[in-house]
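These are the structures, in structure tokens.
What follows is chain A paired twice: with chain B in the first complex and chain C in the second.
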Partner chain A sequence: MSTEDRGTQDCRDGTLADGQTVRGLHAIPSVQVQCGTDVPNGPEERGAGRPSRPPRGFRSYASFVYEYMKANLAMQMEYRATFIGRVFGMMLNDAMWLSFWLLYFARFPVVRGWERADVITLWAICALGFGLCFSLFGNISRLASIVVRGELDFYLTYPRHVLLHVATSRMDPTALGDVAFGLVVFFVLVKPTVTQALLFVLSGVLAACIFFGFTVVAHSLAFVLGSSELLSEQATSMLIHFATYPLGIFDGPTKVVLFTLIPAGFINSIPVSVVRGFDPVFFAGLAAAAVLLVTASDRIFKALLRKYESGNLIQVRM
Partner chain B sequence: MTEVGRHRQGASWSKKIAKYVEMLRITVLTDLAYAYDMLSRQLFLAVVMFVFVKLWSATYRWEGAVSIGGYTMRQMLWYLALTESISMSTPRTAADIDDDVRSGSLAYSLTKPYKYPWFLYAKHMGKALVGFSGSLIIAGAVVWIAVGPPPVTALSCALGLLTALLACTLDFWAQVAIGLSAFWIEDGSPYRLLYSRVKMLLGGMLLPLELFPDVLRRVVAFLPVGQIYHGPVKTFVSLSLHEFVGTVAKQVLWTIVFIALAGAVYKAGVRRVNVHGG
Partner chain C sequence: MVDMATAISTKNLTKVFRTATKEPGLKGSIRSTFRPSVREIHAVKGIDLEVERGEVVAFIGPNGAGKSTTIKMLTGILYPTSGEANVLGFVPWRDRESLSYKIGSVFGQKSQLWYHLPPSDTFNLLAKIYEMDRGEYGKRKDFLVQAFEIGPFFNQPVRKLSLGQRMRCEIAASLLHGPEVIFLDEPTIGLDVVARQNVRQTLKRWNDEEKATVFLTSHDVGDIEYLADRVIIINHGQVVMDDKVKNLKYHYLNKKIVDLRVSGEVKLPALEGVKIVKQAKSGLKLEVDTEVIDINAAVSHILKECEVQDISISDRPLEDIIAAIYQREEVAP
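The block that comes next holds the complex of A and B.
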């Protein structure tokens, strides 16, 4: 059974994915034509014709994300030269920013306890975290725009977790350049021990969760504020900007903001508090912040989804 | 040539220039009509400057220095406010040219009674003028609160403006040369990204050239990227007539080089334009 069939079956009586009741959604769902990539809803769905039950479970969702990832990548590879150019372009972009720091630390070897290796680690962590988040869930950077234009209908008609479905349905190809940059720079320039390497990868995943959670919350404001794409983009840019500067340069009140409102402090503390010298209390805080942000973003998205109004659009997904 | 002939030629030149000045005026008015929108888009610059204030405050305190690379903290932060304002307000002309070539709009422009590159130049300068003013209001406000008014004099402002205009012109012609490469290449965005990042790093946008390692500083001081941010901004915040003359000379030289290069690329590229009816 194809995804289109499932969508039609599930939405015919007005039941929406994940049991969402969406106020303001028009009775007639928007017409969708999907071409090219047909992403299965998970292994249990391949037996066609059975009455459907919303698929649950980690394996099912892992398979779902994996299939979307393959489809997204295949789509990018249709324009191979452009794709490779973008990936290398992003690596170059990151390299230029890192070069600024290398020039800075060539002139000032230590600033507030931060050294050259720390800032290399910081850039590697940020690149890895950002890259993992946006190469897997690239559509979250368009979430506000999707909400404002009323383009969520397509996702609401599927028996899948709406946020996960929206997030995975597009990748940012340049984010793969960030992932490659983060890994190459860390392993080549920092020359870590095995423990440091493990902590680095784990921290990169937790940083990705923070990027994901914060971006989703920022873009979910569109449910309430309407055309807030610019605000959402600027909030996400703020997180990225603060995360790429050493925590040591910020003082009291700013630090409070960086560990609450804009959780960049959890990311830009990683080089000193996790990789250089492991602080278990900080690491537990980092993990808790990552889990809390992802959970909160899901809850906030679901709660605000009630305010969504359909654009009643006819869309063609290619 | 007779007096009448000279007079007619002069009038013809003034008419030619007048239409580009009019295009510049229209661009300025168009951008000013969306001034609040533009300012809201540039609000992020306040965050960038706030972080710079924190970084350089920490650096000066940690070093225990009054001056670093010949810059006091006030000069350093105003230097960065000006470079960031120039950077944020630089129009993406290379991308516009790329679009025009790919979409075929260029063929439409060829039938108009103006030279396509000079038309773009008028637009570029108009956008840069409005964008720079808006960016400077935001970046300047943050830095003013942090370290006080800009360390400028009337003379440094006047000469700084002159070099800033030349820098904008130089950047425009470099962008034209890159943008017109769309006649031959599939996707010009990696080249545009490369240019903007080289300009950002080596042009002294994030760090004055005086803080670069000696050899690198000497090389970059001669390259075109060194004349786009560092030259004009140094004139504003720390005027030296000797350096000002050197900056202007290098800006004029590199502008001539890029005009010649862009002209050659344009002539070769326009021959490849196929216009179909309809």
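The block that comes next holds the complex of A and C.
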């Protein structure tokens, strides 16, 4: 039977023209139903086989994030030239910044214990962490705006963890440039051992967690303050700026701030030390900070969600 | 104990928004910085609702009446300030994730389709979100594509679709997981007459078969007449009327519209209960208040006074009835 033939069978009263029974919805009078299908029957069977409780499994969420990654990439590929341009543009931008540091270290080889390889590692980890965070969870940079404009409605109607759903539903293509830059610079310029390479990737992932947690907390202010998009963006920018400078150049109170209020120290200092020479205490500290920030951000977001007020703006998913 | 025949129930459901107010101008802005004043807006004031499974209910009211706020509380988007709600045995804001498997929603002003991707990609994503297995998803998708006649443009980016095509895809997408209750918030907004008719017919056919509960808000009376069995009118955050659509027409049809085509000059003497709505050279449109004068008496009088070539008597349009109810409530909230 050709597809056309199958598509024009009359499926009235739940029975297909070839005698098959359409169990379900599915037998709409006067609607030509694609035959050969066996669809669930009646309201009581609709949705059968799907969980009635929220999905909690790691596998379910991994598959969900993967599907969003594919959709995000497909969306970016609709405009290939722009996408590729943005990725390479960001790599070039990062390279420009790093080259200033390399010129500096060519003149002053050691600055408060920091050497050329340390700054390269710092930039590589920072770029990898930032890139991973915003290429996978690019929408968190718009979180405050999403809250203020009432765009959370969309995510709240689905059976998924709201924060994860919001975060994954958009990617920042330039962040892929950061990922590429971090990997290329580290492996080409630092020439690491296998252990260092492994620690570098792990540190990058943990740095991504810190970027994620901090950005979510900063943007969650919008639930309380209202239109706080600029404030949230400034907070995220501060973290990025401080994270790209060697911690050694800061003193006393500033260092305290960099390990508390603006946790850049967990991106610009500890990972570099971990990669340079593995210290389990430092690594555990980094991992604890990452887990703590991500957990706190989730809790804060969830608690403040009660204050969400929605909105009536016309919205399109771009 | 939740009645299994009830799909939606609310008891004294209330939502109060607190919003900052300020006097106009820079002076007002500075003053409000130091002495902020907050105003409470009672968007929903103790609504009691009961919707049976399989019912198609139109939930209507003028702008700002509290329709969307109510829907948002029923779908778990907003927390209420006080009161109770139960949708399919779930408390929406507490059991939001579990409830989401059982309900679908279409917000006419908020698209769930990815603008730059074809609807097929959004459908794939939704299947993952709802954890549908591949076989079930394939069957359901095939059915919806056929039923909503979206096959010809199912693989075209959404940005290239007309509004009507997009809306059919939106509704089909919201039915993918087989919801038992669907919330339709202005599903035909912005559509032209043909597209609107198309969406209505598709929804009607789908509902006749699935017997799902539909909670519809619309400013388009055509949607209500075509789809709904029952109409709940809300104004100023309160339910002001809850009745079957046919009863609504019956109770409010105390006025009949009489259209006349006449020959010669029309000289209709004043008659209590008969009002001339429009008068042209060879035509006349009258409104007859049947509480004042019987329609037969009015017509006999007209036939006596004019040389009538053609006459038609019709009910007052539902749109007018609803507008009258809104206006009445505006005067006496």
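Annotations for the structure displayed:
One rule holds in what follows: the second predicted complex is superposed on the first by the 258 of 318 C-alpha atoms of A that agree within 3 Å, B and C clash if a C-alpha of one lies under 4 Å from a C-alpha of the other, contacts with A are read in each partner's own complex, and residues count from 1 in each chain.
Basically, a contact is a pair of C-beta atoms (placed from the backbone, for glycine too) under 8 Å apart; a residue touches a chain by one contact, two chains touch by 3 or more.
None of the values given here were measured: they were computed from a predicted structure.
With both structures placed on the common chain, the touch criterion links A:146 to neither chain B nor chain C. In the superposition on chain A, A:230 makes contact with chain B only, not with chain C. Ranking chain B and chain C by residues of chain A touched puts C first. In the superposition on chain A, A:286 makes contact with neither chain B nor chain C.
Contacts of A:250 after superposition: chain B is touched, whereas chain C is not reached. Legend: residue contacts after superposition of the two complexes on their common chain; A:222 is shown touching neither chain B nor chain C.
Shared-chain residue A:88: touches chain B; no touch with chain C.
Using the contact criterion defined above for the overlaid structures, shared-chain residue A:163 touches neither chain B nor chain C, since it reaches no partner. In the superposed model, A:100 lies in contact with chain B only, and not with chain C.
Chain A uses no single residue to touch chain B in one structure and chain C in the other.
In the complex of the two chains, the chain B residues touching chain A come out as 40-41, 43-44, 47-48, 51, 54-55, 57-59, 62-63, 69, 186-187, 189-190, 193-194, 197-198, 200-201, 206-207, 211-213. Of all residues in chain A, only 81-82, 85-86, 88-89, 92-93, 96, 99-100, 103-104, 106-108, 110-112, 230, 234, 237-238, 241-242, 245, 248-251, 254 touch chain B in the complex they form. Per the touch definition, chain A reaches chain C in the complex via residues 7, 24-34, 37-40, 42-43, 46-47, 49-55, 60, 63-64, 67-68, 71, 74-75, 78-79, 152-154, 156-160, 165, 226, 306, 308-310, 312-318.
If you check the complex, the residues on chain C that touch chain A are 17, 20, 53-54, 68-69, 72, 75-79, 96-98, 100-103, 105, 107, 109-117, 121-122, 124-125, 128-133, 136, 138-140, 142-143, 145-147, 157, 177-180, 205-206, 208-212.
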